[in-house]
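Since the structure comes first, as structure tokens, the remarks are kept for the end.
Just so it is clear, A, B and C label the chains in written order, and each chain counts residues from 1 on its own.
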């Protein structure tokens, strides 16, 4: 019985006698890991240290007062959630659809495949501030959405799309051709193969893309200042202007004197939210994979 | 392309195909919209001032009609190149660590840590850099905000991209390769260097392209730690200004020609990206994408 | 059945979102039934004025339920441009109007000053105007020349186009082009943090933010200009020479909700908000 291993496990390695190059490699790899971990813990430790004292239930459920120096961040959390919701709702169908087309249905040298691939590569490199200006001109002004959560979400979707598509594509590439052949042999239609077999099997790639994209979306500041705006009131519809968490952190850290402690606290909340979302997405993906492929 | 459809299924599939094509076209059209917008805003200045002035004027002082972009172009290129050079080996080795040098539990922990790095806002990186890193560098060599500070912060920011994408592509290396290497008696490092990394090459290149794009486009963090002085740096400790920081810094207060000049710098950035994409094309030629 | 399992975690997440929304106090929603005035105002412009305008707007909203005032950031130039094009009802500008902006009407809601700041550990206590000019044009490059330690001076300047820079350059009769900086910063807080992290730095920022930071423990100090100490009190009494108005601008004479809000922003009733943000109420 062969199990499809989507997440890596320890690979079999040779038991040959230790060579010096092996020791050197181990030392190198471990020092890299320790360096990276050290830097991250330093950064996180700083955020934790300065922000921990401020975070409380009240902080999470009240409105900001005194330009954000006091009070809480409840409306901002809601706005951020809505913006991300819009972003994901738009980018996932668009992204997965495009990735499926590129990976399964089009030869890469066809004009459509080439065009989409190149334009996505270019899109991945557009600076966040240019997205902000573009989003402002296109979504806010031309489409008449004004400063709104919708504009912000749509702009973020544009930013997140390339990462999502690239990663999902890689996920599809990783699925062995045997799957496709077996499905064809069994007489499954292409649509059924896609939905029942390939998509779940490509889940790891999709998940990585989603997480990277989500991380980028949550962390985005410059694009959101110009599209979803600055208003820290509780939004009542998607067309309302709403301040995202990262914009709030920026304002408190850089614009409002004395806002640092709340900036740190907001950053701590943001990092925690990210951890939770990451965990949820990973769990969802694993469940989806299990239910489809292993029939659990 | 295997096709085992019956004629009734073919209709559904055509529908699906056209739906997917529509979605892909929308995805592809976004960049064209952005380019159109940039050119639209930049044209008034092109008509007034020739193209060469953007590279030959004495300096960047839009208020006094000087529009030289070269120092900032140099800033962007240097900061990007330096951070990619450092982040790529760190990221790839991190992925190698997760797969081959540690039990799965620790690997998962490390992966979570890296995913966390990916989600920290650039503002927080910039803020931390300004308040912690820059004074540290200042003690070594004034003024503090510098090419070095920007490189270090940017490295931290693009590391998750290369690490996670490498991780995914290392996972997709066929188990037969690993077993074959073990059967041949290759040591772990020899196997990684000789078999795994070459096999995962296309994924790794994807990662490098993505992280370079991200580095070129980063705005907030470099704005806060690079010093923003318009000059071509002569040492790691010299302040620099990148094209992105320039736009962010001055867009809020720019009118007419100044504003158009900033859009021109946006176009230069797009040119850099186009170059990057062309290089990626060359590298991936022949790879089944 | 399977679909239900997908929906459960999703709906939990969405419910949490909506629950948070209803959890917080929203006085407008409660009073909406009894409302008489309706209306919406959009303000865009200077990021210096934005926090102040937002707080004033909040108080106005609580006194006039049914009115919504959206304050957006974007910079003084954006405030001018948006007010002209009618994209915004009111523009926020952190300086006096220039000659080519006389087609607009300006209403000052506060005053602010610009102060030169040094690190607290810097032994230099004051600098003459000429010394400051020489430092900023790099004719003096070492603190020793002005009575300080033997260390190179790190000059911190604001990015071109910023109102603070224009005010600074105008007072010291410098062309922005002639200023040779070691570090260029954007917002006031960035300037403060840069100087606070570098014992040999000199910079200039809004007095409001400098005073706030200095009294709350940030290691900076404000230098007097021409013997007058840099403080909010001195800007209020007009003794301090480098000052600027914080303006709300409109395209034509304000009417209706616009007029009401501008008058509210200039009234005695909000002077405590102005002082809380470390600005000087415009008398």
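Operating definition for what follows: contacts are C-beta pairs under 8 Å (C-beta built on N, C-alpha and C of every residue); 3 or more make two chains touch, one makes a residue touch a chain.
Values in this document were obtained by computation on a predicted structure and should not be read as measured data.
Chain centres here are means of the Cα atoms, and by that rule the chain farthest away from chain A is C. The chain pair with the larger count of C-beta pairs in contact, out of A-B and B-C, is A-B.
Separation between the centroids of chain B and chain C, computed from CA atoms only, is 33 Å. A straight line joining the Cα centres of chain A and chain B is 16 Å long. The multi-chain contact residues of chain A, meaning those touching 2 or more other chains, are 253-254. Among the residues of chain C, those touching two or more other chains are numbered 47, 74, 186, 190. Across the assembly, chain B contributes residues 224, 248, 251 that each touch 2 or more other chains.
By the touch criterion given at the top, residues 61-64, 130-131, 134-135, 138, 142-145, 223-224, 227-230, 239, 241, 248-255, 258 of chain B touch chain C in their complex. In the complex of the two chains, the chain C residues touching chain A come out as 2, 5-6, 9, 13, 17, 20-21, 23-26, 29, 42, 47-48, 50-52, 54-55, 68, 70-74, 87, 186-190, 192, 208-209, 212-213, 216, 276-278.
Within the complex formed with chain A, the residues of chain B that make contact are 1-6, 9, 12-13, 16-17, 19-21, 23-34, 37-38, 89-90, 93-94, 96-101, 103-104, 107, 110, 112-125, 127-128, 132, 156, 159-161, 164-165, 167-172, 175, 178-179, 181-182, 185-192, 203, 206, 209-210, 212-214, 216-220, 224, 243-244, 247-248, 251, 266, 269-270, 272-274, 276-277, 280-281, 288-289.
Residues of chain A that touch chain C in their complex: 60-63, 66-68, 72, 74-75, 77-78, 81-82, 85, 141, 147, 225-226, 229-234, 236, 241, 251, 253-258, 280, 284, 287-288, 291.
Across the complex, chain A meets chain B through its residues 5-14, 16, 18-19, 21-22, 24-26, 28-30, 32-33, 35-37, 39-40, 42-44, 46-47, 93-95, 97-98, 100-102, 105, 108, 112, 115-131, 133-134, 137-138, 158, 161-163, 165-167, 169-171, 173-174, 180-181, 184-185, 187-191, 204-205, 208, 211-212, 214-216, 218-222, 245-246, 249-250, 253-254, 263, 267, 270-271, 274-275, 278.
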